[in-house]
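Heads up, the next two complexes both have subunit A, just with different partners, subunit B and then subunit C.
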Partner chain A sequence: MIIIGERINGMYNDIGKAIKGKDPKPIQEWARRQEEGGADYLDLNVGPASPNKIEAMKWLIEVTQEASDLPLCLDSTNYDAIEEGLKLCKKPAMINSVPAEMPKMERVFPMAVQYGAEVVALAMNEEGIPKDADSRIALAAELVATADSLGFSPEMLYIDPLTLPCNVAQDHGPEVMRTLREIKLISDPSPKTVIGLSNISQGTQNRDLINRTFAVMAMANGLDAGIVDANDNELMSAIATARILLNKDIYCDSFVNVFINRNR
Partner chain B sequence: MIIIGERINGMYNDIGKAIKGKDPKPIQEWARRQEEGGADYLDLNVGPASPNKIEAMKWLIEVTQEASDLPLCLDSTNYDAIEEGLKLCKKPAMINSVPAEMPKMERVFPMAVQYGAEVVALAMNEEGIPKDADSRIALAAELVATADSLGFSPEMLYIDPLTLPCNVAQDHGPEVMRTLREIKLISDPSPKTVIGLSNISQGTQNRDLINRTFAVMAMANGLDAGIVDANDNELMSAIATARILLNKDIYCDSFVNVFINRNR
Partner chain C sequence: MAVEILKEKYRSKVGEVVLGATKEEGGTRSHTITVGGETSLPYLHFEGETPNRPVMALEVWDTAPTEWPPFFEKFYGDVWNDPGEWAKKCVNEFGADLIQLRLAGADPDINDASPEDCTVAVKKVLEAVGVPLIVIGCGKPEKDNLIYAPVAEAAAGENLLLGVAELENYKAVNSACMANKHNIIASSPIDINICKQLNILIIEMSTAMANRIIIDPTVAALGYGAEYSFSIMERARNGALQGDKMLGMPMIGNIGSEVWRTKEAITPTEDEPGWGEQEERGILWEATTAMAYLQSGIDMLVMRHPEALKIIEKQIDDLMQDNSY
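Now for the complex of A and B:
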C-alpha cells in the first residue's frame, strides 16, 4: 500500500496555528516525522480556517518542500489553490480530490494532465455517498470514463469508495470491500484505489485497532493506497505484514523495518 | 469467524505428557482457558507419540467433556480413532480432516453423515498441496461433489485451502485469498472455509503479527472458521474487529469483550 501521510492538515490545532502564524517549524517537523514513519506522499490541507486558501497552500508547499523530498498530495476543494500549488511542486503531485460531478471533473482532469499529477477521485456525486457497492462502482466507472475522455489515464486515478464510521453505518463495510475489488474490473489498465482510513473509526473507542484491521482487510481486497497516520507504528507494521502476505514485498525477518525505512 | 481452539494437541509438551501419564488436569485447564478465550470448538489431537490412538482419543474426549460443554473437533488421520471418538461426543462434532483422496473421502463422509458431524476437508490429494488457486479450487470442487454424492451436505463441509509458511512459500498467500473467495462459488448452498492459522507464520520472527494479519485478510475474503490460539488476545481482538467491519456482529463500544464472552 502507498502511504499518504495525513498529518499536515489545518484541522489539527498545531498545524492550524502554524499556518495562521506563518511558523514553518511544526509543518517541517511533521514532514520529517511522517517521512521517518514510512510515508510515500505527504497530504497538505490548509484546513477550514484559512481565509486565503491559495496563499496558505502555496506557503504550505514551500515550507514542506524545504524539509522533505517526498511528493505532495494537495488536499483542497478549492481548485484554484490546487492549481497554484501544482506550479510550485518539485515532483509530480497528487490532487485530492474530485467527486463524480461533471463541472468539477472538467476542471480537475485537464489540470492533472497539464501538470502530470495523479488524482484522488471520490465515488460520490451531488446526491452524496451511495448506500451500496453497485452505486459506488457505477460512479467509479463514470469517473474512469470521464477521465479517459479528457485524456487522463486510469492508471493515474485513485478511486476512494468512501467509508463511513462503523459505529453508525456498519452495513457499508462489506460494500466497500466489494467495491475495492470490482473497481479493478472497470478498465484495463485499471484505476487504483485509495481510502481515507480514519473515517472508519470516527467516534469509536478502539480507533487504532479498527483502523489497522480495516486497512489490511481492504488490502486483501486490492487496496492500493491509504491516507493514514504514518506514525502509528502498529498500523504501519500491519500494512508491512499485509504486503508480505500478498507477496508484494520479499520476506525477510526484519520486513517491518525494511518497509518503514524504504524511502531513506 | 468460528474459533476452533488449537491447544489440546499432543505436539505440545504439556499435553503430550498429560496424555501419556493419563493426567486430566492440563487438558481440562486448557479446555477451560480456551473457552474463556472465546473458542467455539475445541480441537483434540492425541499427537504423534501416542501408541494407541483410539484409546488416547477416547480418553481425551472424556476428560475434555468433563471440563467444557464446547463441541469438539476430532483431529486425527486415524479414522477408527475418530469413529470411536464420535460415539462419545455429547454434541455434534467436527472431523478434522480428509483430503481429496477417494478411499479417505469414502471412509469419512458416510461416517460424518451417520454421526451428524461436520468435516474439515483439505484442498490436497496424493500429489500434495497445489501451487495455485485454480488447482486448489478444482480439488475443493472434487470434495464438494464427492461429499454430495455420499449424502453429505456442502454446508457441513469446511474446506481448508492450505497455507504454507510465508517465509518459504510467499507466492501462496494471494492464491489462498482467491481460493477462499472462489470456493464460495462451487455450490449453492456453498461449502464453508477454514484455515489452520499458525502454518502461515511457521519459522518467522513475528508470528503473532503475521497470524492476526493473515486471519483478518482471510476473513475479508470470506473465511468462516480458523483453528487458532484462542488465548492470543490480540488475535481475538482483531477477529472481533473484522466481524464488526464485515457487519457480522452488531457494533457496540465493548465489541471485543462481547465477542470473547459470547459462549458464556
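Now for the complex of A and C:
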C-alpha cells in the first residue's frame, strides 16, 4: 500500500502554529519523521486557520522539500493554492482532492494533466456522501469518465470511497469494502483507490486498533493507498504483514523493517 | 491498422556489481567485469535491457582434485598442482571470463592447508592471470572463518568476489569483505526467504555492501531439483524487477561442482553402456543444466568442463542477440 503521511496538516496545533509563525522546524521535523516511518508521499494541508492559503501552501512546500525528497500530496479545497503549489513541486505531486462535481473536475483534471500530477478523487457530490456501494461506484464511474474525457488517465486517479466514523455509520463498512473491489472493474486500466484512514475511528475509543484493522481489511479488498499516520508503528507493522499475507512482498524474517525502510 | 504490442513494464532493475580492479582502481586486474543491471526478465530485449552478458568462470583448486572423473586429467592434469598455471590455462586456452579459486586444500580432511598457504594460492592466481577472481573456502565454516580475513587482506584492492556467506555464518566473511572492499557471495539453501534475510543481514552490517552482493541461490543439477532452484531464482528476479531491493542482486551458480557429482556424470561408460559415452554425457549434463539457469536470469556460471563452457558460450551469444521490435 502507498503510504501518504497525514501529519503535516494545519489542523494539528504544532503545525498550525508553525505555519502562522513561519517556523520551518516542526514541519521539517515531521517530514523527516514520516519519511523514517515509511511514508511514500507527504500530505500538506495548511489547515483552516491560514488567511492566505496560496502563500501558506507555497511556504509549506518549500520548507518541506528542504527536509525531504518524498513527493508531495497537496491537500486543499483551494485549487488556486494547489496550482501555485504544483509549480514548486520538484517531483510529480498528488492533488488531494476533487469530488464528482462538474466544475471542480473541470478545474482539477486539466491542471493535473498540465503538471503531471496524480489526483485523489472523492466518491461524493453536491448531495454528500452516498449511503451504499452502488451510489459510490456510480460516482466513481463518473469520475473516471470525466477524467478520461479531459485526457487524464485512470491509472493516475486514486478514488476515495469515503468512510464515516464506525460509531456513527456502522453500516457503511461493508459498503466501502464492496466499493473498493468494484472500482477496479470500472475501466481497464483501472483506477486506484485511497482512503483517509483515521476518519473511520473519529470519536471512538482505541482508535489505533480500529484504524489498523480497517487498513488490513481494506487492503484485502484491493486498497492501493492510504492517508495515514506513518509513525503509528503498529499500523505500519500491520500493513507490512498484510502485504506478506497478500503475497505483495516476499517474506523474510525482517519483513516489517524491510517495508518501513523500502524507500531508503 | 497497426497492432499495439503489449509489453510488460518493470518497476525496478537488478543492481550492477563490478568485479576486479585495474591498476588505476587500486588492483592489478587487466580489466573489470560488470554483472547484473537487467531491466527485464531474461533476454526479453524487446521489454528491457540486459546490459551485461552473463559470464563464466572455470574452477581452479589449490590442490589437485582426486575425485574428478579421469578424463579431466587431459585438460588439467599438467597444471593442477599449480593453481597459477591452472588458472592461466583456463583463461588462455579455454576462454574462461574469470576464475573461481576453491581453497579445497584448507579442508582439514584434505590438506588442512593453513591460512598462509591459502593466501599464497590466491596470490599465485592473481599473478598468473589478469581476469577478476572469485575465491571460496573449503566449505567447512569453522576453517573457512580463519581463512577469510587473511585472504581478503592479501588481496586488498583486487575487488574479489569472496564466499560464501550463509545465514548461520556470514559475519566473518562479511567483515573481511567490508574491511578490504571485496564483494560477497550470499548463499541460501534454495529458499527465497533466507536469501532475502541474508542480504538484509549483510547490508545491516554495512550499507556499503548493498551493491557488493552476489546471490547464490544454490543450484541443483538437472534431475536433482533444478526446477526448485529455477523457481526460486525466477521469484527472486521477479521480486527484483518489482522493486524488492533486497532481492535485486545478480546471481551466481556452481554448475560444474553440482553436475560432476551426479550419477549421470560420474558413472563410467562400462558400468552403463546404454547411457552413452561418459565424458560426452557429462558435458551435456553440465551444459544442459547451465542452459536452464541462463533462462532464469543467472548472471555468473561456474563451470568445470571446458567443452561445456564452449557450448554455453555459444548459447549466450544467441541469447544476447537483439530480439527487440
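The definition used in the following text is that the second predicted complex is superposed on the first by the 264 of 264 C-alpha atoms of A that agree within 3 Å, B and C clash if a C-alpha of one lies under 4 Å from a C-alpha of the other, contacts with A are read in each partner's own complex, and residues count from 1 in each chain.
Criterion: a contact is a pair of C-beta atoms (placed from the backbone, for glycine too) under 8 Å apart; a residue touches a chain by one contact, two chains touch by 3 or more.
Predicted, not measured: the structure shown is a model, and the values here were computed from it.
A.B. asks: Could you tell me if A:204 is touching subunit B, subunit C, both of them or neither one (first, second, both, neither)?
C.D. replies: In the superposition, A:204 contacts subunit B only.
A.B. asks: So, A:166: does it touch subunit B (first), subunit C (second), both, or neither?
C.D. replies: Once the two structures are laid over each other on A, A:166 reaches subunit B alone.
A.B. asks: Is A:220 contacted by the first partner subunit B, the second partner subunit C, both or neither?
C.D. replies: Touch partner of A:220: subunit B, not subunit C.
A.B. asks: Just checking: does A:258 make contact with subunit B only, subunit C only, both, or neither of them? Give me first, second, both or neither.
C.D. replies: second
A.B. asks: Counting only touches as set out at the top, which of subunit B and subunit C does A:114 meet: first, second, both, neither?
C.D. replies: The answer is neither, since A:114 touches no partner chain.
A.B. asks: Between subunit C and subunit B, which one touches more residues of subunit A when both complexes sit on the common chain A?
C.D. replies: B
A.B. asks: Give one of first, second, both or neither to describe whether A:241 is in contact with subunit B, with subunit C, with both, or with none.
C.D. replies: The first partner, subunit B, only.
A.B. asks: So, A:177: does it touch subunit B (first), subunit C (second), both, or neither?
C.D. replies: first
A.B. asks: Which partner does A:250 contact after superposing on A: first (subunit B), second (subunit C), both, neither?
C.D. replies: Both: A:250 reaches subunit B and subunit C.
A.B. asks: Given the touch rule stated above, what does A:77 touch, subunit B (first), subunit C (second), both, or neither?
C.D. replies: A:77 contacts neither subunit B nor subunit C.
A.B. asks: Under the contact definition given at the top, report the residues of subunit A touching subunit B in one complex and subunit C in the other.
C.D. replies: On subunit A, the overlap between the subunit B and subunit C contacts is residues 250-251, 253-254.
A.B. asks: In their complex, what parts of subunit A are in touch with subunit C?
C.D. replies: It comes out as residues 249-254, 257-258, 262.
A.B. asks: Can you name the residues of subunit C that touch subunit A in the complex?
C.D. replies: 192-194, 196-197, 200-201, 235-236, 239, 243-247
A.B. asks: Mind pulling up the subunit B residues that touch subunit A in the complex?
C.D. replies: 166-167, 170-171, 173-174, 177, 200, 204-206, 209-210, 213-214, 216-221, 237-238, 241-242, 244-247, 250-251, 253-256
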